[in-house]
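So, here's a batch of structures to check.
There are two complexes below, and they share chain A, which is joined by chain B in the first and by chain C in the second.
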Partner chain A sequence: MMQLASFDFQHNHFQLFGLAQSYQIDTAQLDQQYRALQALVHPDKSAHLPDAEQRLAMQRATLVNEAYQTLRSPLRRARYLLSLHGVDTQEETNTVMPLDFLMAQMEWREAVSEARQARDEAALAQLETRLQRETRELEAQLAVKIDAEKDYAAAAASVRKLRFMEKLAEEIHAAYDAIDN
Partner chain B sequence: MALLQISEPGLSTLPHQHRLAVGIDLGTTNSLVATVRNGISVVLNDENGRAMLPSVVRYLADGSVAVGEAAQAMQSEDAANTIVSVKRFMGRGLKDVGEISRLPYRFADAPPTGTGQGSGMLQLRTVAGVKSPVEVSAEILKVLRNRAEAALGGELVGAVITVPAYFDDAQRQATKDAARLAGLNVLRLLNEPTAAAIAYGLDNAAEGIYAVYDLGGGTFDISILRLSRGVFEVLAANGDSALGGDDFDQRIHCWLLEKNHLSALGPQDTRLLLTHARAAKEQLTEHAETRITAALSTGEVIDNVLTRSEFHTLSQNLVQRTLQPLRRALRDAKLEVADIKGVVMVGGATRMPQVQHAVEEFFGQTPLTNLDPDKVVALGAAIQANLLAGNRSGDEWLLLDVIPLSLGIETMGGLAEKIIPRNSTIPTARAQEFTTYKDGQTAMSIHVVQGERELVSDCRSLAKFELRGIPAMVAGAARIRVTFQVDADGLLNVSAREMGSGVEAAIAVKPSYGLSDGEITRMLQESTQHAQDDMHARALREQQTEAGQLLEAVQHALEQDGGLLSQAERTLIETQMGLLRDTLQLADHLAIKRAATALNDATVSFAQARMDKSVAHVLTGKKIAELGEK
Partner chain C sequence: MAYSEKLLDHYEHPRNVGSMDKDAAEVGTGMVGAPACGDVMKLQIKVGKDGVIEDAKFKTYGCGSAIASSSLVTEWVKGKTVDQALEIKNTQIAEELALPPVKIHCSILAEDAIKAAVADYKSKHGAVVETLACGENCKE
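Right, the complex of A and B next:
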């Protein structure tokens, strides 16, 4: 059972939830630990205490939310894990991508844009399903590269690819919203 | 108060140590206050047994203010000074409020407030002077606070005030300011659908994913929550903070104008027709048709029959407008309609059959209507207030809510860059680094916006501020870290500091629409000048309550430990008790206080004797060693 006294701002996200530091995690356990931790630190628990306690509670709860969101997302988890290993994923600076990947990206973009123009929700749904499948495959590769092979440079390249996929997912999301308007 | 300080060792706290806290549903049409009594959340009625206070405030020429039914009764006659649905103006500028010409008010230009440079909140010209929506709302809150303090017999520790989940930062800040102005300690701003979910969920021990469809008088919210083992986790919220029952009234109003070839009515007739429109809307919930008759100030008489199906046609696109946020919330939560276990209906406007029908069709299931859609928000807020005040209720539960709209900043080309995405669980913070783009640049302006649109001009401007004193460096060398912190009320605080050279400058920003602390203080002072009577009434009530508690405690002590007293001591105490009882009848709080002090003094030695006795009782049978450990 967790205790407030043992809450440490210096802990990394994995330590915070008592999880082993690896890409593959038990998300059910993470969810459970997250709720248990928030039940301790959430500002609602200290609303009747002095201001200093409330501020501290806000900081603790903010950190717990940030850590949870980071570990819950495969992309953010990988990025964070690599940073713990001292590896920068260079998503903004390193734009060198395999040609076939870039070509595929172009095709994706066009397909999403066409579906958006045609207000074709069924086409968007199909694209979304395909995107999810390919994203899962990339995530599975990441698991091997990080946890088994510990090839962090290769993992960083996969993270950069995943970031492209995430942007695509955001575009599909925006297209749904646009069709709705 | 010697006697009250003694509690029997091992006994639980006295009833009066329960910290008084309330939940307030500050609604567009009606407002309510509720509290947890003996473990059960109850709505507090006024002296006439009415739970709902119409959210109507009337300003009179003599400076007095009428709130509720009395104000509502005059809304047509004195339309320009009688503010209804003020919630729609909270945190809003004139340009945000469409159809100004159709409203019977005289609007005033507002000066920019706070540290921001954005235009301020709109204001209303009344016979009693210019009033901001914050002040108007505060009048409603004051009435509810007085009602609660009278009913509970003491000062409130604090209140949870509910807001539509889709309220942006400016609207939330305005609500909090109104509560402060009403002298309330705000324990939390709570999202209305979340409050309803708490009341429903705890009552029904619900588990699974639920949608709360909340169509109020002026706002629409949809929230999707996961309920599991005492955790209420909001997965997504969406809505329209300018869509509600009022708009259905407007549709009928317009229909009446058209039917009778009317245009440009005065404020009085406008309000009259709106009132009739609302009554017709409510009639059509039960009846297939309704007749609307009204005599205008011009002498013209209106007499029309509106059928339910005509009304449904008139309001069809309003109902449709609620479905778009539903779809978005589901997509944000990555859920399908089939994942939703139950749909909780909240808000008086959900009584309309066409709304229920549309929701049923969308979710493919009958919505849950086994709770009072008018009261459930206040009831849920009271439950949270009780928890936040520190009254342990036994059943532990946790609420994890989200911020409904993305927060971002303006970047080059008038584009908004999102810093905190919508539906992030709060509290949350995000830091972003910026740099100077010119050599020797020593200042940088930051524009904070809220909304989902790409262009800054389509988002709500929350604050603009300038960070000065950046050390002169070559372009790109300065590192300015801007931190966005959203607290558990969903309110934003932005701070910035320059880190490149170790020189730090920090600035806290209040949104453009917020009131500065100085303004709050000024308003508070103004209102207390007019509130001497209130203060007397309040002091009297407090003294009466305390005296009552003291009498009860002394009586209890006499019954239990009267044997510790000599006859003379007992007579003295009983005499003082009698005197105190007599002064309770007088409306003089100072006299009550004097009598209470006298009784208190008369019981000092009795209290000491009881203390000795109870200590002796506790120590009996304990070894010296055990005592030493204490």
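Right, the complex of A and C next:
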């Protein structure tokens, strides 16, 4: 069990939770470590201490939460891991994606838009199932590219693709909401 | 957030929405995407024998700023030669539409879409195009 005295702000998120630095992680272990750390750093425990100590406690709790949210999400975990390797995923600046991928994105968006207009929940459900399957495939590719091949440039391209998938999932949820209302 | 009248006009009445035959020799197609917001943009130009862009069409899935940016550039490229079209800069688009700073990437997307469309057109006509060589990005 970690002691508060050994809490180190210089540790990266993986070190913070005592996890090996890899894309594939044991999420059950992460959850367990998070709960233990959260109990340890909870600001309530420092309520009786001087202001400076309380501020520090708040910073520790914030870092633990931020680190947990980052590692829990496959997309954010990959992006963070790549940043540790000095690789920028260029999600803001890189507009050049493989043509077939962009064509497929266009078709996805058209299909979601059509299902939304036709108020066709069955079609949306089908799209969602397909999206989840393709998202899992991309995540599986990320595991291979990062952990096995250590091809971080290729992994960055996969992260960019995953961002589009995330957007599609949002669009599908928005379409469900529009149909329900 | 307050948007400019020009932006709203292009968003509410987008110009030149549609598609052209991507396999036609006189048509150049540019497909680009912005991972940060999941926007996808297709811009097509139809080029006459004199090298002047006769027509342009776009299809964009994205926010209002992305739609307005692509609508605007379809108007701008018409009547220009393909090389003149390459001179359109995202800063001009952003300025014309008074894009807020968080939406600058939409104008970058539109500029890149023109470059990609011209590159596609030129590649059909045997010119060596290096502007949008994919390099690492297209590697699967």
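By our rule, the second predicted complex is superposed on the first by the 170 of 181 C-alpha atoms of A that agree within 3 Å, B and C clash if a C-alpha of one lies under 4 Å from a C-alpha of the other, contacts with A are read in each partner's own complex, and residues count from 1 in each chain.
Here is the rule we use: a contact is a pair of C-beta atoms (placed from the backbone, for glycine too) under 8 Å apart; a residue touches a chain by one contact, two chains touch by 3 or more.
All of these numbers come straight from a predicted model, not from anything done at the bench.
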Partner chain(s) touched by A:V87 [first = chain B, second = chain C, both, neither]: neither
Touched chain A residues, chain B compared with chain C: C
First, second, both or neither for A:A123, with chain B first and chain C second: neither
Which superposed partner A:L19 touches (first chain B, second chain C, both, neither): neither
Shared chain A surface residues [contacts with chain B and with chain C]: none
Chain A to chain C touching residues, read off their complex: 89-99, 101-103, 105-106, 109-110, 113, 153-154, 157, 159-161, 163-164, 166-168, 170-171
Touch list for chain C against partner chain A, complex: 31-38, 40, 42, 59, 61, 105, 108-109, 112-113, 116, 132, 134, 136-140
Chain A partner contacts - residues on chain B that touch it in the complex: 19, 157-158, 187-188, 231, 233, 324, 327-328, 331, 384, 387-390, 396, 398-400, 424-429, 452, 485, 487-488
Chain B partner contacts - residues on chain A that touch it in the complex: 35, 38-39, 42-44, 47-48, 58, 61-62, 65-66, 68-69, 173, 176-177, 180-181
